[in-house]
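Next come two complexes, and both contain chain A; in the first it sits with chain B, in the second with chain C.
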Partner chain A sequence: MPMKGKFPLRRTLRYLERGNVYLRDTVKIVTINYNTLGETHKGARDFVFYNLPQLQYKNQNVQMQTFKNLTPSPFIRCFLNDGDEVLIDIDSKSNTSILEHVKKLLGKSEEILSAERKAREKKTNPANFGREFARECICQVPGQVPCPSVVPLPEELRGKNIDYRTLLLKPARGRDPNIPDEEEEED
Partner chain B sequence: MASHSSRILLGQVVQSKLRDAAKVQITRLVLDEYVMQYFPNKSKVFSFDPKKVTKVGDIVLVKELEAKRTAFITHKIEKIIYSVGNVRDPITGRRCDSKSYWDEDERKKLFEKEPEEKTGLDETFAEKRSVYEDDRMKEPIMSLDRKDWKI
Partner chain C sequence: MFQAFKTSLCRFIPQCTNEPVLQTGCVYQTVRWRKRRTDPIAKSKIGRVRVPTPIDPAEYKFSLEKWDEYNILINAIRSHCIQDHRRKNKETAAGVSLEEQSRKDEEEWQKLLLWNTEENAKTRQLREARLREEAKREEEEKLQALIQIEKEEAAWLAELEELVKKEKEASKSYITLENLDENIEAALAEEKSYLFGIDKNGKFTLPENTAWTELKERLEQKERQQNEPQEKTETA
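Now for the complex of A and B:
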């Protein structure tokens, strides 16, 4: 199927994944006001056409809305969690500079992003067990010893049945049998 | 991260027959996986507006209530952002249309009475008392006499 329409490249997954502006968690709503005619609004129109899909793709939980032909000057108005508002004047700006401005103001910095990436890796690492990870205990893995709260352990593995006296007299498991024991003088 | 009660949404007020609530239409962009384009998807929300401050067509900020008022009324009107026909530019604070800012003196000569401006930040929206102390909750939501029903 041929790619139809104006600049069909923006309808590819690769283009959407190229977006690099991750908005902060406090930002809930992003609204863009612009006019359909007027040279001063051209940057805003380009921003909505080229960059808004990328922005929405990377921030799925943010509501993004556009308003056309309401006011004579274009602006971006963001609503944050606690009722705060952020107003960005985008009059006579190019779409790249608008995007940079949004990234500087409301975007997550590299440090935060890399910390989040590390946290995600920690979660996906199957070697980790615990409440915040995928599996709480190794007893959940089939083939391992089942949870003693469900299936009682055999008698010899229970702490109360271990004969510590004989256990201490036995040689340690890691000892090499070829090396002779030091003869201890028995009283 | 965000607490449950801080969920805010932006929408346009749409006609409804409810006595003390406004029906708000919220549009969100949804990706069509085949065409790979974002399309607006509408959803409706009933938000508490007892004093009828909003008109049909207003752009409104809506906030989720901590406790639902009724089975349907789950949100409340937080703030009117753009009142229909009476838009105020947030940058300059002046009333305007898409072409120019309005001259207030000229408008006073032309129009005797301008529509009342309600931003929704007055006391009518403040939930001073908790839901259970509200006088309205003591009386039944719907009167039991058939003649009082307005359908």
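Now for the complex of A and C:
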């Protein structure tokens, strides 16, 4: 893919993965109002240009909208669950300070993120089978014994075909604890 | 029972078996094997008809109807207990109960909102201060512009006044209808010679007639003005 446009690095995965602000689950919509001219709006413009792609990449289920040249001063307005609104005044602020503010107010803390990471690990552990995991049964793994409901097991592996008579009368392997060593009992 | 087996199986006691062996050397088996469907019926069981187990019809009916209900209840209780157990495990792992956790989260959120409003207030103050400065500057600039305009107007008026003054002064020597005759006679009486020479440097050589008095004065004044800056530069 050729590098077209202004600062096309913003469209690379490497740049997008560097975003570290994960918004809370309650945040649903983020709107940014700013102007295309004006020294006080420079920080907002930079934020939208450099940081918004990273933010959107890490929060793909949040709607992010920008509005240009509507108001004299720039601000961010977030809409949460239950209809709550949060207003952030970003007049004459740099894009880094805006990002920090957003991270502090609306971002997930490190504890929550680590807990989520742990939960995800449990889910991704391929040794776990069950309803909530990736695979319900080991028969779903290619190379394993197929599900007996689909492909019947061979006769000798089915429980109903065990010949207990020959099995029990066969001499068992191993050492019997009831018989003491180095002694031959004769009847 | 043991004796019957003793004769038939004693011979086959191997060195090691998993079944318990009595002191007499007998092997006793609690379950020998499960008879297959295809195995022949034992001699003692030929002609046997099974007597169906006695069932109390009332109890049977009751059981059939209430079994589902019972199962539903029991399963509900079971799943509730399991969830409770899991929740307690989670809480003990986290160190805090769920209610407390949610209350803490709410408190933190309110704190953050408060901090946000404070930050917004700060930004607002900065913005208002900046706007006030800008307004002040604009007012001053406007005032300066007005002053400038006034000055210019005053200068213009002064200039005009000077011109008017000059004209008034000059008008004293204007030739009007009243003093026309006098001036004509004066002009005729004067003998102005226009034959004078001019140097390469622009210097006039005036004739000895006193008719060119004004011109002479002006030329002398000019000379004086020219000489003064030359003297100043020489002294410096």
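The rule we apply is simple: the second predicted complex is superposed on the first by the 131 of 187 C-alpha atoms of A that agree within 3 Å, B and C clash if a C-alpha of one lies under 4 Å from a C-alpha of the other, contacts with A are read in each partner's own complex, and residues count from 1 in each chain.
Here is the rule we go by: contacts are C-beta pairs under 8 Å (C-beta built on N, C-alpha and C of every residue); 3 or more make two chains touch, one makes a residue touch a chain.
Note that the structure is a prediction, hence the values are computed from the model and not measured.
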Note to self: Let me test your reading of the model: by the given contact rule, A:N35 touches which partner, first (chain B), second (chain C), both or neither?
What the structure shows: first
Next item on the list: With the two complexes superposed on chain A, say which partner A:L87 touches: chain B (first), chain C (second), both, or neither.
Entry: both
Check: Now for A:L153: first (chain B), second (chain C), both, or neither, which partner does it touch?
Finding: neither
Note to self: Let me test your reading of the model: by the given contact rule, A:A134 touches which partner, first (chain B), second (chain C), both or neither?
What the structure shows: neither
Next item on the list: For A:L169, select first, second, both or neither according to whether it touches chain B, chain C, the two together, or no partner.
Entry: second
Next item on the list: Check whether A:Y57 is in contact with chain B, with chain C, with both or with neither, and answer first, second, both or neither.
Entry: first
Next item on the list: For A:V145, select first, second, both or neither according to whether it touches chain B, chain C, the two together, or no partner.
Entry: neither
Check: Regarding the shared-chain residue A:S73, is it in contact with chain B (first), chain C (second), both, or neither?
Finding: both
Check: In the superposed arrangement, what residues of chain A touch both chain B and chain C?
Finding: 73, 87, 89
Next item on the list: Using the touch rule from the top, collect the residues of chain A that touch chain C in their complex.
Entry: 40, 73, 86-93, 101, 104-105, 163-165, 167-169, 171-172, 174-176, 178-179, 185, 187
Checklist line | Touch list for chain A against partner chain B, complex | finding: 11-13, 16, 25-26, 28-29, 31, 35, 52-53, 56-57, 63-65, 67, 69-73, 75, 77, 79, 81-83, 85, 87, 89
Check: Any idea which chain B residues touch chain A in the complex?
Finding: 1-2, 6-10, 26-29, 31, 35-38, 59, 61, 78, 82, 87, 89-92, 96-101
Margin query: Looking at the complex, which residues from chain C come into contact with chain A?
Written below: 10, 12-21, 25, 29, 32-34, 36, 112-113, 115-116, 119-120, 123-124, 126-127, 130
